[in-house]
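Got some structures for you, see below.
Next, two complexes with chain A in common: one pairs it with chain B, the other with chain C.
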Partner chain A sequence: MKTQILIFVLLLVSVMQSQEKKVTRVGEVTFESKTSIEDIYAKNSQAASIFLLHEKTVAFNVLLRSFKFDKALMQEHFNEKYVHSDKYPSAKFKGVIIDDIDLKSPKKHSDVELDGIMEFHGVTKPIKVTADIVVKSDQSIVFTSVFKLKLEDYKVAVPALMKDKISPEIVVNVRANYK
Partner chain B sequence: MKFILTILVLAPLCMFSQEEDLFKELDDLTIKDNSEVIATFKSTRLMLGQSTERVRSGQLHFRVSHVFSKIRGISNFFGLDNLNNMHVSFEYGLTDFIQLGLARSNKPDKTYSGSLKLTLLRQKTGEKPFPFSVSYFGGIDYKSRNFAPEERDRNFEGRLDYINQFLISRKMGDHISLQVAPIWVHRNLTDVVTEPNDIYSIGLGGRYLFSGSVSVNLEYYYTIPTFDSHNRAKDALTIGLDIETGGHVFQLFFTNAFALHPGKFSINQNGDFFNRDINFGFSLLRTFNI
Partner chain C sequence: MKNKVVFGMSFSLLILSAAVYGICLYNKPHIDILETESEMKMTAQKLMDTYTTDKTRFSNELVGMIIEISGIITTIEKGVENTIVILDNTIKCELNSQTEKLKEGQRLKVKGIYSGFDEMFNEISMVRCYVIN
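On to the complex of A and B.
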């Protein structure tokens, strides 16, 4: 009897937990650098993300190698010379929603603030981002966010020759659809 | 009973500590991209010879290479007075694994070259590692210059050389990459009757990457002494720099070779490097998206 209760409780806990956690393996992260000389754009459609509803926590893991560029050479230089993806293979983000929002019932929440940390190129820094969070009637959640990253903050060095071609601040777009 | 209570109390705690492991869980969730080793060399040529680097699908590499004449001193402005060889090549990536090339070299035979490079295996790290990259390079050279006597000039087949080469490379960490490249050159007709039609050499070389943009490269084509006229001093030896600036790669080199196509520089007919038969040369590579 005791064992049955125990199993029941444990099952309940795990079921509760699985309802509280939403994941995706195919989140989209893009980034852009715009200068008068050159526009650079790259897209990653394999961002992994976990959304813990109870803790209001969102976490992302993005492999830098999975960013696709229009120019193959640019993609190679990005990995080899700028973000050193052999040494620092991924960029990670974890943030907690500060605003008091209800993630259970269908609604669109605009400009939700998240307080978190970003780990990229061997540097971990606190970061604040705003996001739009749409809770759909089927309980799926769409998370979108746009924020800026300063290359200098993450010790991404741009050679003098390329200074005019690469913006010191890049714009990152994130979109994840959690089932 | 106490035991069960303990578990019940600890179970929610475990849940919390799972949150701490969020990043680890994310790691397992992340789709791993292929872990191919990139940027073993800066360009598709190590120096004069091919490297295992490839022209990617839909990309076009346009390259102009020059070799100046033998460095004597200020009297010939260290060789720069005379442009000895002018080599132009186009290399196109049909897919990521098939590269087609067309080239023209004025010295010594006004040679047109058609080539094919196949990427066979790539060096990989991660879950399914593989220790080296392997490519195949094949080419046909057509010598378009006038020959004497007239009979020789009319002999079309006698103008053709065939090149087969395997390129095997390994990137040993961030700075050092090495390559071994056995090559077989078959000439339908040789200049002198004592020369063999088939010559086998082994290209050995590597690079040391100083910074992200500059590497020093060394390349040596060791010809296997299967014929009497063979002279070890006439093997091609090239030392130089790769300088990369965004979409361009510059290669500057000193070499005892005067030809810039593998059908000629790899067949033991170069100057004597250690007897100061040294030429300065460079190549300029520009990448286009098509």
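On to the complex of A and C.
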């Protein structure tokens, strides 16, 4: 009898844990830099992310070499000359939702604030972002966010010759659909 | 006078060649994975075992390498434009091709480019993968 109760409790804990944690490996992260001379756009469609519902915490791990550019040369330069992805292979974000929102009932929560930490190019900085969070009836969650990153803040050096072609501030779009 | 003309023409040709080279370089296409010989062929588990023996060394050596991997599909996750297939719980392959027929438990061989190690799920990541079996 004791064994049966133990198995039941373990199963219950396991089910509860799976409900509390949602993951995706197909998160989309794009960034763009727009200047009068050149627009640069890259997309990563395999961002890994975990959403801990009870802690209201989201975490992303984005491999820089998984960003795809239209032009092969831009992709090479991005990895080798700007973000040095051999040395700093990924960008990481971890954020906690400040707002008091219910992540269990179907609803769209707009402009939700997150207090987070961004690790990119060997620099770790606190960052505040806003996101739209949609809780669907099947309990899946869609997380979208748009924010800006200053290259200077993360010690990404742009050569003088390229200053007119690369914006000092890039726009980052994030979309994750947690099942 | 003749020397000046020759010099002028040579200089113009040099500038033109440099411009053409620059444009070609700027617009060079991405590597054709299917047409390029794989630099490494192994099972998913063997690749992970090799990688974990010396993470620092292999993460640098494998960068940009075209690798052929075989294994059993343990997870399939569909994105908006892509599909992620996990082989033997160790290698994450991003496929762009049609994947409707793929099923978990199926043996699969893919060819793609190594893009790093995902510390969140402890998986080796491959991009631009193609199913080759």
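In this text, the second predicted complex is superposed on the first by the 168 of 179 C-alpha atoms of A that agree within 3 Å, B and C clash if a C-alpha of one lies under 4 Å from a C-alpha of the other, contacts with A are read in each partner's own complex, and residues count from 1 in each chain.
Throughout what follows, a residue touches a chain if its C-beta (ideal position, glycine included) is under 8 Å from a C-beta of that chain, and two chains touch if they have at least 3 such contacts.
Every value quoted in this text rests on a predicted model; they were computed, and no experiment measured them.
In the three-chain model built by superposing on chain A, chain B clashes with chain C.
Shared-chain residue A:T57: touches chain B; no touch with chain C. By the touch criterion defined above, A:S90 reaches both chain B and chain C. Once chain A of one complex is fitted onto chain A of the other, the partner contacts of A:I101 are absent, as it touches neither chain B nor chain C. Of the two partner chains placed around the shared chain by superposition, chain B is the only one that A:M162 touches, whereas chain C remains out of contact. Using the contact criterion defined above for the overlaid structures, shared-chain residue A:K81 touches chain B, although it does not reach chain C.
Judged by the touch definition given at the top, the superposed model places A:V123 against neither chain B nor chain C. By the touch criterion stated above, A:E28 is placed in contact with chain C alone, chain B being left untouched. Ranked by how many residues of chain A each touches, chain B and chain C are led by B. The interface of chain A with chain B overlaps its interface with chain C at residues 23, 25-26, 46, 48-50, 59, 61, 63, 65-66, 71-73, 86, 90.
Against chain A, in their complex, chain B makes its touches with residues 1, 4, 7-8, 11-12, 15, 19, 22-23, 25-27, 29-33, 35, 38-39, 56-57, 59, 174, 212-213, 245-247, 287, 289. Contacts from chain C toward chain A in the complex involve residues 25-31, 59-60, 63-64, 77-84, 86, 92, 94, 115-121, 125, 127-128.
Chain A meets chain B in the complex at residues 2, 5-6, 9-10, 13, 17, 23, 25-26, 46, 48-50, 52, 55, 57, 59-63, 65-66, 70-73, 76-77, 79-81, 86, 90, 92, 94, 159, 161-162, 165. On the side of chain A, the complex with chain C involves touching residues 23-26, 28, 45-46, 48-50, 59, 61, 63-66, 68, 71-73, 75, 85-86, 89-90, 177, 179.
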